[in-house]
Structure formats: C-alpha cells, structure tokens
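Next, two complexes with chain A in common: one pairs it with chain B, the other with chain C.
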Partner chain A sequence: MPNDWLVILPLLSLAAGGTAVFGAGAFWRSRPRELLFALSLITVAAAGAAVVLVAPQAASFSGVLDLGSYSRFFNFLFLAITGLTLLFVRHYARERGFAGDELYGLLLFAALGMALLAVARHWLIFFLGLELLSLSLYVLIAIRKGDAGSNEAGVKYFILGAVASAFLTFGIALLYAATGSLDIGASLGAELQPGALPLLMAALSLILVGVGFKISLVPFHLWTPDVYQGAPAPVTAFLSAGSKVALFAALLRFSLDLGPAAWSYALPAIWVLAVLTMVVGNITALRQTQVKRLLAYSSVAQMGYLLMALVAVKEGGAPALMFFLAVYAVMDLGAFGIVGTLSGTAADRDALENYRGLGYSQPWRAAVLAVCLISLAGLPPTAGFMGKLVLFKVVLQAHYRVLPVIGILTVIISIYYYIKVVIALYLQPRAAGTAVPRAEPSGVLAVAVILVLLLWLGLLPGSVLNLVSRIAG
Partner chain B sequence: MLHFPILTVIIFVPILGSFLPLAHSRDPVVARWSSLAVTLVEMALVGSLFFLDLTPHASPQGTWLLLEEYSWIASFGAKYSLGLDGISLVLITLTAFINIFCVLISWRAIEEKVGSFFFFILFLEGTLMGLFLANDLLLFYLFWEIQLIPMFFLVGIWGHENRIHAAIKFILYTLTGSLLMLLALIAIYIMHGHQTGVYTFNLYQLMHTRFSFTIEVLLFLAFFLSFAIKIPLIPVHTWLPDTHTEAPTAGSVDLAGLLLKTGIYGLFRFAIPLFPNATKFFGPMLLALGLGGLFYAAWVALTQTDIKRLVAYSSISHMGLMVVGIAIWNPIAVSGALLQMVNHGISTSALFIMVGMLDERVHSRDFAVMGGLWGRMPVFSAFFLLFALSSLGLPGLNNFVGEVLILIGTFQAKPVIAILGFCGIVFGVIYILRMVQDSLFGEPRSEHDLWDLDGREILMLAALALAVLFIGLHPTPVLHLLEHPVATMLQQTQQVALQGM
Partner chain C sequence: MIVPFSHVLILAGILFVLGAVCALARRNLIMILIGVEVMLNAAGLALIGAALKWRQLEGQIFVIFIMAVAAAEVAVGLALIVYSQRRTGTLEADRFNLLKG
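Right, the complex of A and B next:
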C-alpha cells in the first residue's frame, strides 16, 4: 500500500504546530504568550478539521498505522481534550508565569503522543507514542519551577513512569520472543505454541503492569494522589483525562486483538484488578479531605468501572467503553479544570473547607463543578449516568453476575464522597479563605462547553451511542 | 388522539419554569410570584385534561387515555414514552395541587436564597410529573433518580439544625435502593431482548419476559428494596423521621404528600406487574411489613414530643396500610390504596403545613410549649382539628373512604389481616387524639405572642379542607377514574402470572 501522507495529516499538523510553537518561543525574546496560545489553538483546530475531513483508512504505512474510524474517534477526543485544556490553562499559566513555549509546545506534543497511541499497530510506534506523551507530561507536571509540590510530583511521576516503561519494554521484548512479531495485532492474536505459553503470559502480565501504572489501576495507583495533587490543576486535568483515555484506548485495542486462548487467561486477572480498583479507589476516596486527592482516587475508581466492562469487550462491549471514555474525559477535565479556575496563584484550592459556600459566591463555576461531581457519581441527568448505564449493561449482557453487583455497591459508596464536595459548595456557610479569582473568557468558554457536553451526553446520547456502535461494529 | 403533546408540556412547564425564580434570585418578590404563576399554569394544564373527554384505548403499549411516544435512545430501544391513565391523572392532579401549597407556605417562611428555593421546588414538581407519566422503564428511572437531587438541596440548604446529616441520610438511603433497581432493570431488559430479540424498556412489553423463579425473586427484591425505602416500610424507614424533622415545611409537604407516593406507585405500576409470581411468593411478607409498619409507627408516634416527628411517624403508619391494600391485589383494596394515596397526600400535607405555621409562631415544635391554642387561635385550631380528624379516619372525611375500601377488599381475601388492620387504625386514633389534646386543649404552656391565621393561610387551608370534604362525601368521581385502569392492570397481571407458571 502506498504511503498516503494525507491520512496522517492530523499527526503532521500536531507535530508541525508543536515545532512552530517552540520556534516562535525561541524567536522572540519576550515570550509572546497570546501568539503561542493562538498558535496552539489553531493547531488543534486544524488537526481536528483534518481528523474530521480526511477519509479514514484502516491500514497505512505498511500496516504500521491504523487511521480507521476507531483511531479517528479517539483522535478527535484527544484533540477536544487538548483544546479544552488550552482554554483552562491559558489564564492559569499566565497568572503564574509559566505561559511559555514549553507549556504550549509540550501540550501539543503530548497530544501527538496520545494520537500515536491510538493509531499504533506496531509496538515501536506504540512505544514512541507512549514515551512522547510521558516525556511531555514529566515536564508539564513540574512546570511551576518554583513550586516544591509541583517538582516533587514531576519527579515521582518520572521515576514511576520510567519503571512502568521498563516493564512495558520488557513485556514487548518477551512478546516478540514468544511470537516473533512486533506487529500488535499479529503478536497478540498469534496462535499459541504449547511451549510458548509461559513466555506469552509473562509478556502479557508485564504489559498489563506497565499500562496499569499509567492508568493507575490498584495496586499500581499509589503515585496518583501525590502527582495529581502536586501538578498544576489544568495539567492534572490533562493528565487524568488525556493520558488515561489514550492508554485505555490502547488497552482496549490490545484486548480486542488478543487471541481467544490468551484472553481466557487474561480474564481472571482483569476481573480481579477491576474489583480491586473499584473497591480500593472508592473506599480510599471516602477519607480524603483534599479535593484534588479526592478527585485522584475518584479517577482511580472510574478506571475500575472501565476495567469491569473490559471483561465484556469480546461480547460487544467496545462501544460502551468508548462512550464511557469520552464521558470520563469530559467530567474529569471539567472537575480539575474548574478547580484550577477557582484557585489563587499561591497554591491550588485544595482543602475541602475552602470550597465552603462557593456555590453562592461563584454560582456558575460551582454549579458546573457540582454537575461534574454528580456526573462522576453517576446520577442522572448527567453524562455519567448514561456512561455507567452502558457499562453495566454490557457486563450484564456478557453474563457476569457478581462483578456488576460489586460494581454497583462501590458506586453507592462513592456517592458519599462526591456529595461531600457538593455539601461544602452549597450546604455549608462560607469560610474565610483565599479570594477566588474572577472568571475570565477562555475559562468561561471551557466551563460552558463542559456543561453542555455533560447534559447533552446525559439526556440525548443517541447520536454518540450510534456513532460508537457503528465504529466498533 | 390529541396532536398537541400536552403530557410533555405538563412535565416541562415546571422544569423550564423553575429557571424563572432562579433568574430573579436578586428579587424575592418576583421569584415568589413567578413560581406561583408557574404552579397555577401547571394546575390549569392538568385541569384541562379533565375537559378533554378522554376515553381509554388499547394499544400494544397498554391501555391509555393519552399516549405520547417519541424515539429517544434508538440504539437501546429506549423511548420517550408517556402514558396517561386514570391513576396517573389522579396523581398528577395531586402533584399540581400540592405544589401550589408548597409555594404558598414558603411565601414568608423562606427568606434566604428565595430564587434557588423555588427553583428546586418547581424542578421537583416537573420530575414528579415525569415519574407518574413515564411508561418506559429507563425514563421512569431517570425521573426517579433526578427527583432526589432537588429534595437533597431542599433539606440540606433550608432545613433546621441537623440538616446536613439528614440530607446525607436521605440521599444515601434512597440511592442505595435505586442503584440496585438499576441493575435489575438492565437485567430484565437484557433477558427480554434475549428471549424475543426486541430490546426495549417499555413496561408492557417487558411484562411478558419469562424468568426462572430464582431470578424473578432476585429481581423483585431489587425493585422492592428501592420502593420499600421510599414508602418507607420498616425496617428501612429510619431516614424519614430525620428528614422530616430537618426539612423546611414545603420540603416536608413534598416529601409526605408526593415523594412517598412514588414508592407505592412504583410497587403498583412496576414491581408487581413485572414479577407477579414473586409477589405472590412474598405476599405474606408484604402484608407483614405493611401491618408491622402500621402498628410500630403508630406506637412510636405516641411517644414523640416533637409534633412534626409525630406527623412523620403517622405517615409511616398510614403508608403501611396502603401497602396492605396493594399487596392484597384485588380491585377494591387496590382502588382503596390508590385513593388513600391521594387522601394521605392531602391530609398529611395539611398537617405539615399547619405544623409549619405553628413553628413560624412559637419557633418550636415541642408539645411542651403548646397547649391552649383553641382559645388563642380559634381559626387555626378549627382547621387543625378537621385535618387531625380526617387523618384518624372520621366518617365523612377523606381518609375514611380509603381505609374502609382497603379493609373491605382485604376482608374478602384475608379476614384476619383486615381485622388486624382495623385494630391498627384504632391504635392510630390514640396518637392523633393525644396530639390534638396536647396542642389545642389544656392550659397554655408558654407565653408566646400568637396571632391567628391571615388571609393567605386561610385560603390555603380552606382549599385543602374542601378537598378533604369533597373526597369524604363524594369519592365517586375519583374512584371512577381509578376503576378502569385498576381492572386492566389486575387482569394483565393475572395473564402474565399464568404465562409464567
């Protein structure tokens, strides 16, 4: 098949945009913040237009890249996440003095990394995407150079991320040894040689551990609260929405590729990890008094629900997972993003007491934050309800009984801590604390988009559900 | 068939109208009047249904006076499907009626965050309308859960001292039930899909799903738990007294008058028709829980020193008798129970409203500071006595009709239960009389500056009193509305039960 450069236009535009941002940063001595922001936004918009307009093509570049409709869906989602992050981070970064080329450029390169994860059909491309994403994130997390918490978070994420990458690399190497192929589909779907089973199992376990670190499954989640708390809030939003969705998109693809024999060995592991993640994530979140830590554990728990539905992926669970990933991205991005817009420059608004009474002094942002939390809790009329509904539907459809019951019980547990934040926002009297910065246009736009998306996906999800089932089917 | 989607309008007038007071948060006067206008428009819309000369007609989706159906989530087979029959007509009329009082009673009582308060009241009204009209299970569930959110805020923001605790308790209890129901609901949907190839959430199609007995029992229990918490039946009733004690008056009125009814309604409309065999199996348990609630709550009510808690326990006691009526499942008992939902809605709301008025005057709900009101507030006392007597089932007043019908129906099927139920009602007389005696009669126990009812208050109570007398003396129009749908429902359930054997 000839190399079709048009197909990879989204990737090319991201790479070009990132390079241009760095170039612009180097060219002007005083950092042209607005230009960099505009350049990044245009890049994202151009890449988004390319994603929508260029006809999907399943296998290109000798089958190394897959730009079919599946990748197209996720690329669009990643670009939406990046776009919203840009809106959230613009004012935040300017106030804190890190609105430079490194911020915008790295965000674009991280988006490129996520896109590569979704399109990769070859382990090297996958690894390339993962490292591009991770390297950008290491810097982004520690981007507030004067802030000790931010630096500590960056180092933590770097060390554990490096360990995870090592696991993954070793797993990929073993997989290559077992199957003789670096093509993702071929190596995972290969017929099992009787003698190769232990090798394959070892490879798959290592890959699962590596991915598990990145999407913070229990017991590989311990870095999550520290890093989420230390990183600047909009970066946390990007980290939790973007990188987790990207890696889960890859994990979803791996699961679909996996041959039936190997899948039957993987299932129990996924079952156990799902239960652990849901139970530990939700129960640990109960005791948190810092909002960013609470949301970090909540995002661990949300990954648990996704993993729960992953067991049903061979019985037509893929559309539900894709839908929930989109919903998850919107609500987590919204929650962390709004925390960012409510924070003063010294430190992010973190202690639960500091949220008291914000519902009345900041009605709009607090209301959307409450909607995000209600959505994370899975209550209608928000997107989170529909997301949970489709997840539990596919799990029940695949004849699992115990797993969904455990899942729904953990959902009940989770209501308590989400409601705790809502209570602080609306039911408790205003606490004397740091002043809340005024709303600024880009943040308002982002918050409004989040609200519309959450209600739209919650009440009229028909079109998106149709889209995902068409893509997966 | 009507082309104008009046049922949709009935749901969305209060939901969209709720943004009017919210938009006028700065101006409490406008917020109050606009909310009153919305509830009156809503009442007029619901009232217009009575003049449409609707006749029931059968369709694959059941027998309805009016049916509105639009596609909603095509990939699930979930439809935006609303059906109006006599039962929902009675209940939405009650909802529209009670909500006018919710607005009026809060006129002066709510002074802070007036706009948001009325926003939640109206939003709640809209979701209740949707709940009583939905005949698609997913749509029903959506309204079932959404209604918790405004109630949570009503209790949590405008409640009394322990309001946060009460609000948390309320939401955790009710959500625990409903999330398990969600799982059961999806399970029925999937089983029906497997059996027939048709994936739908439509109640009347799902009624023909076949279950093995074990599965049916499990699914029934999941539904039942959710409804039992809402009714509430013992032993899952403990959230209700706390929530009532802390809720603002309008919240209590909504809760006792309407939210509790959704539990009975769900049992009647969904749980029993979907799982007739499991219901038969659990019939004795339902009767025992109903009777147990009737006696236990009456007994606990007797020991209360807080008048609002007493009325709350009286609610639990009355709801117990309604569950008995539903569990007997013959036309007379079921009609009686449904009529009793309306009666209880009116009488208990009236009592809560009057307790609220008293609270505005003496700033306490403790019997220790009452007594002797008869001499000091004659108009108030007369109304209070009327509603108290209606609540204990005096012939000629509304509750009597409902209770007698339940007992007659029960007597036909299970005489012993009817006799026990009768004793329970007599038991209830004791605490009501004690409440009247301790508050209205005797020596005044405090030196509060009391003033009798003003025009707004008299108007409200007179309207409620008229409703009490109307149903008490001439219940035929309401019973006539219930007659046909109850008969259809019982007959369908019979068929389903036979198929399932």
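Right, the complex of A and C next:
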C-alpha cells in the first residue's frame, strides 16, 4: 500500500535527519557553526509535524508496526523530549567541546529507537529499537572525552545495558519457543499450553528483568546513580526522561497484551517490585548529598509509582500511566537540564552546598528548578501533583489498599529530600563556590517551556487527561 | 528434526547460564563482554530451534539481526573499553570506583 510509507514519515524523517547530520559532520569540514544543531532541530520539528498531521493507522506493514493514536501520543512526547534536550545541550556541548556530529546524530537515532519501541508490534522491531536506543546512549554518556566520570559512567551503562539486552533477547527467544509467534500481541496473549507454562514464566521473567534494568527498578537499579552522576547533565536528562518513558511505554503495552492467566502470575511480581522500588528509591535518596545522585534515586522512586499503577492497568489504569509518563518526562528533563545550565565547564554542579543561595543570584533558573523539585515531590499546584493524584486514584479504584498506603507514605518521606534542595536554594547563605555561567538563549527557551508545561499540566490538566483517556479507551 | 526440541532448549539454557555467570562474576571487562556474547548466542540457538519446531522462518531471520546487532555492540563496547584502558591502565571492573556516594 502506498499509504504505508506516509504513515512512517516520522520515523523516516528521524532516520534521514540523523544520516544527514552524520554526513554533514563527515564530509563538510567548513560548515557553518550552528549547522548541525539547526539540522537536528529541523528534523525534530519535521518529525513532530509528521506525527501530528499524518492520520494514525493502527496496523501497518503487515501488522509489524502500529502507528495508531497510542504510538502517536508517545512519538510526540519523545520528539518533545528530544527537542528540549537539543536546546539544553547546544551551549553545554559547545563550551565543553563535544558539539560534533556524533552528539546530534546519535540524539536523533536514539529518538528513532524510542519511537520504534513505542510502535513495535513485532519482537524484532522491539529488539532493534531497544538496541538502537541503547547503542546511541552508550556513546552519548561517554561523549565527554577526557572526563573520567563520563567514561566510567559509559562503561558501567554499557556493561549492565548489554547484560540486560541479552536477558531480554533470551526471554524473547523462550517466548517464541513457548508460543510459536514473534508478534507481540499474539505471543503475550496466547492461550496457555499445559506443558508450556514453565517456559512461558521463564520467558516473562527474563523480559521483566531486562526491561527492569533499563527503567531501573529495584533491585536492578544499582547502575542508575553512578551513570546519572557521571554522564553530562543534558545527556542525563535525555537518558532519564527519554529511555525510561520509551521502555515504560513498551512495558505498558505488554501488560495490556498479556493474557488473563499469565497476568495473574505477573501481578504479584509487579506488586513486590513496585513496593521495593518506591521504598528503596525514596529511602536511599534521603541520605544523598549530591544533587545528581539525589535526582537519580528520585527517578528510581518515580518509576516505582508508575509500576504501582501498572497493577491496575487492566482496570482502566492506562490513561493515568500515560499522563504521568508525560509529566515525569517534563519534570525530570527540567531538573537535570537546569543542573546542566547552572554547571561550570570543569564539572557539573553536584554537591548540595554549591546550590546554597542560588535562589537570589540566579532567580529564574533556581525558581524553575524549585518548581521541578516540588513537582517531583508531588505537591500542588504543579504537574507532579496531578500526575500522582490520577495514579493513586486508579490504584484505589482497582481495590488495592496496601499498595497505595505504602505509596503515600513514601511520597511523604520523599518531600523531605526535595525540600532539602529547595531550602539550600533559598534559605541558606551563598557559599563561595564556583561561578554560575550566564544564561544563554536556547537554555532560557527550554527552561521557559518546562515551566509553562509544568504549570499548565498542573493547573489545567483537563485537555491532556481527556486526550489520554480517549486514546486508551 | 533429528534432535528433540527440548534438548536444544536445554543446551541454550546451559549456554545462557554460563554466559551470565561469566558476565556477572568475572571482573575483567573483556571477559564480561565475552559472557554477553555467549548469552546472545544462546538466545540465537533457542530461536533457531524454535523456528524449526514451529516451521517458520521468522526465528531464523531474528538470529541474523541478533548477529548484526551483537557486532555493533562489540564495536561500541570495545571502543569504550580501549579508551578506558588507555586512561586508567587497567581492565579490571573494580577499578571503576570514581562515582559513588
């Protein structure tokens, strides 16, 4: 069908843009300075326009891709994340000397990988999307040549990411062996053969372990703080917002596809992982004195809340999860991105003492950072409050009692460490630390967009909530 | 198929466990990488066996993609490892202890 090619236009434009950036980097030595940045931004804008304008089509390319409204929502989200990351990274990368084609090209290919994860209806597409995303991220994390932390973070993420991918691949192989189909929906929803139950359970647990590594569920989260701390701050923003949202979008779809019998086996595992992730993530964050590590544990904890709502996914929890994923992406991107704009060139601003008094010397950026933190803590009037509210609502509606109580207790604990940073920003005298770099236009634009989104989603969430319930319903 | 499918699965399982033990217990970065490769090949073996069992080509095509991706992974991984070996002069994973808290 000729129509099919139009439907994958977002994916095609990302691939073409990435290739063009690499081509320009390799063959056009005397290019204008901002060419690669402009090219990537145009690519993201073009792909975004294609996502919005091309009519969704549920099954295309003989059912291998699904570009229906669910994928459309996530593709738009991924492109927004990539666009904001580009704005955050432009100045940061140029000052530190890594603003080459590898940075921009790999960002675009990582975005393509995320989009493939969301559209995949076949395990092969899922595998390729995951590897495209992971391989780009390995290089992006280690992109600061000569920086020991960046290199160490890259090696750590590579080793654990490669092991996780191998687990996932073996899980897919076992699933294929048990069900005889590589179609995601058909293989997960297959009727249980009497003899195939152990095989199917092994396959599902391996897939859960592999995905759990990538979205850093406890006990597979140990790489998270190290990698988030070592990677350059805008790359951390991209990693924590983009790759986690993409993997969770896939996990959400797997849960919806899973047949009732298999789902009844998966539920207790999800329940236990959710409790562990919420409790361990929040408690460990309490004693962090470095802001990037603190935010890393906070992002672990946020995944716990998402996993908590995943137990209610069969009782209409999907819209709440989609809404919170969008909110989570904005606030995590904002927090890490602003840490990046506040950092000097030698190292990222990490120690909590170095944030003292920034509320007065850098009022705008500190204020938006504070809004991001308040939103992560789940306090009104920000987007995080709305997101947590809908999450807890669906869990309660699905008649879970213990799980939301544990969740709310950990939310209360978490307020302490978020407020600790806000107090450092506003209520402590300015420390004689490193100088703060001046604000530059693209960073200011990104920070402003983050602020608007957080307040808009917090105060007037109706339109987005309607959108997600229409998509899921 | 001459060999029963369960034997293929058992062999793939053994290979996978061996690879996982190598990847998780060894401290040398190159050995970890080899362990990951063994795990991926175990997955490939299971896929080929399953493709024969279900009489489909899909599983075998998947294996070709796994081989290509594994090669890309090794290329990126070796570049990272060579670079850190030049920087620190060691391949021991335990020496990567800069980031902690």
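In this section, the second predicted complex is superposed on the first by the 466 of 473 C-alpha atoms of A that agree within 3 Å, B and C clash if a C-alpha of one lies under 4 Å from a C-alpha of the other, contacts with A are read in each partner's own complex, and residues count from 1 in each chain.
Just so it is clear, a contact is a pair of C-beta atoms (placed from the backbone, for glycine too) under 8 Å apart; a residue touches a chain by one contact, two chains touch by 3 or more.
Everything numeric here is computed off the predicted structure, so don't read it as measured data.
Once the two structures are superposed, chain B and chain C can be ranked by residues of chain A touched, with C on top. When the two structures are aligned on the shared chain, A:440 is found in touch with neither chain B nor chain C.
Contacts of A:95 after superposition: neither chain B nor chain C is touched. Applying the stated contact rule after C-alpha superposition, one finds that A:151 touches chain C and leaves chain B untouched.
By the touch criterion defined above, A:4 lies against neither chain B nor chain C after alignment on the C-alpha atoms of chain A.
Applying the stated contact rule after C-alpha superposition, one finds that A:176 touches chain C and leaves chain B untouched. In the superposed pair of complexes, A:142 makes contact with chain C only, with no contact to chain B.
Comparing the two interfaces of chain A, the one with chain B and the one with chain C have no residue in common.
Those residues of chain C that touch chain A in the shared complex are 5, 9, 12, 16, 19-20, 23-24, 29, 32-33, 35-36, 39-40, 42-44, 46-47, 49-51, 53-54, 56, 58-59, 61-62, 65-66, 69, 72-73, 76-77, 80-81, 83-84, 87, 93, 96, 98-101. Of all residues in chain A, those touching chain C in their complex are 123-124, 127-128, 131, 135, 138-139, 142, 145, 148-149, 151-156, 158-159, 162-163, 165-167, 169-170, 172-174, 176-177, 180, 182, 199, 225-226, 229-230, 288-290, 293.
On the chain B side of its complex with chain A, the touching residues are 71-76, 113, 138, 141-142, 145-146, 148-149, 152-153, 156-157, 163-164, 167-168, 171-172, 175-176, 179-180, 182-183, 186-187, 189-190.
Contact residues on chain A toward chain B in their complex (touch as defined above): 360, 374, 379-381, 385, 389, 392-393, 396-397, 404-405, 408, 411-412, 415-416, 419, 423, 426-428, 460-462, 465-466, 469.
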